[in-house]
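Structures for review follow.
Both complexes shown next keep chain A, but they swap its partner, so chain B is in the first and chain C is in the second.
Then we have the complex of A and B:
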């Protein structure tokens, strides 16, 4: 249940570390709260320093603190119910950064993601993730 | 008094299979609908009015395999009942097909019985609650019993804040 001001860890290698949710897209129900598989607009609160090579390059994706980016939620601390009644709950909230075309900004994912992403159409992320639960 | 409890025990946990009506039943609106076998006895007047409805459902809703599973691991009288603090593996039809974890809670509600497993994977804690009667739950396996046979609590939610105690219980199992 991620809403305004909810913080999420970023688990890809885009460079961001912590993002804060600003808006949950396409969610006019659920009081504007997002769950796994929902796209959100977020502000980067903490980011890794950009290496010199990346600074020089024009095409590399540079994620800085204060950027407004899109992301998809991949783990929530709030329980998610699966169709057969199984409930999953993670110990933190996590997201993966996206560009405006729903493509990933990073190239690798460093953590577990929820299997509910597949149901919501994010099979690309599920296939790269090291572990899916 | 003792014979009454014994009768209730026999009726609730009898191992003789019920001879159910297995007519070639067809459901005209869906090919994938699961059709349970029809009950042998017609519902009594009292049952139709709703008296003893939950007891009836607890007895008839589960398939015989699920009843066995429920009785073996979750009945309080069973020798093999799962104790909180044991390490349990669950095999499922859906993702994740296999999940191992510390049993931190058992919620006994008749056919609604469920249990929670907690594990730490890739530095993230994960808790999953499985419902025993779910058709996608295939198998429940006990990996290790709790230390000294039992924990001192029925619900081990304190493990969420004590990763060191989790590793102690798991004995290095990740």
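Then we have the complex of A and C:
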């Protein structure tokens, strides 16, 4: 249940470490809470420092602190009910950054993700993830 | 349908029951009920909670059927021949009936007796010849004379 001001860890290699949710993109409602598989608009609160050399050379996108990006939620501390009745709860809230076209910014994912992503159509993320529960 | 087992107590978890918790280090824990979940999150040690499977196994409760099945192994002895007598002779000697043994004994006795008689006969003859020079039996001390004790 990620809403306004909710913070999430970023688990891909896009450079961001912590993002704060600004808006949940769900059915034209501004208020509301996001769960696993929902797209959110977020602000990068903490990012990995980018050296000057890396800035110029590396083609991969690296985000900076203060960037406004989109992300998809992959883990929540609030339980999720699955169609078979299982209830799954993670230990933290986590997200993966995206661009405006629902494509991943990073290339790798470090950590476990929820299998509910597959049901919501994020199979690309599920395939890259090292572990899916 | 897969029946899972509870990570805390060892109970069986049927589908649509219980909770699944994924910890920060990506380790998965399954709980059959909120009781198990709560105790786990309070960091209780299942080895000390008396109704868990871990505790019962550790304290060997209700496990008598499994223990009784264990049987001891017995070694089988094999007869072997030795250098002096191979297996056939040992078997032959062992299988002799008592009648045969008795006969053998008698034969041995008679043989010994005849031998003894022969020996005595031989002894008597030379004894009569050599007795003359020996003379009357005198004690050594008398022969020596000597100091003549008191």
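We take it that the second predicted complex is superposed on the first by the 123 of 133 C-alpha atoms of A that agree within 3 Å, B and C clash if a C-alpha of one lies under 4 Å from a C-alpha of the other, contacts with A are read in each partner's own complex, and residues count from 1 in each chain.
Definition applied: a residue touches a chain if its C-beta (ideal position, glycine included) is under 8 Å from a C-beta of that chain, and two chains touch if they have at least 3 such contacts.
Just so we're clear, the structure is a prediction, and the values are computed from it rather than from any experiment.
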item	value
Which of chain B and chain C A:118 touches, first, second, both or neither	first
Which partner reaches more residues of chain A (counting touched residues only), chain B or chain C	B
Partner chain(s) touched by A:132 [first = chain B, second = chain C, both, neither]	first
Chain B and chain C footprints on chain A, overlapping residues	75, 79, 84-92, 111-112, 131, 133
Of chain B, residues touching chain A in the complex	92, 94-96, 99, 114, 121-131, 134-137, 160
Interfacial residue positions of chain A with respect to chain B in the complex	75, 79, 82, 84-92, 94, 111-112, 115, 118, 130-133
Chain C residues touching chain A - in the complex, by the definition given at the top	15-24, 26, 28
Contact set on chain A toward chain C in their complex	75, 79, 84-92, 111-112, 131, 133
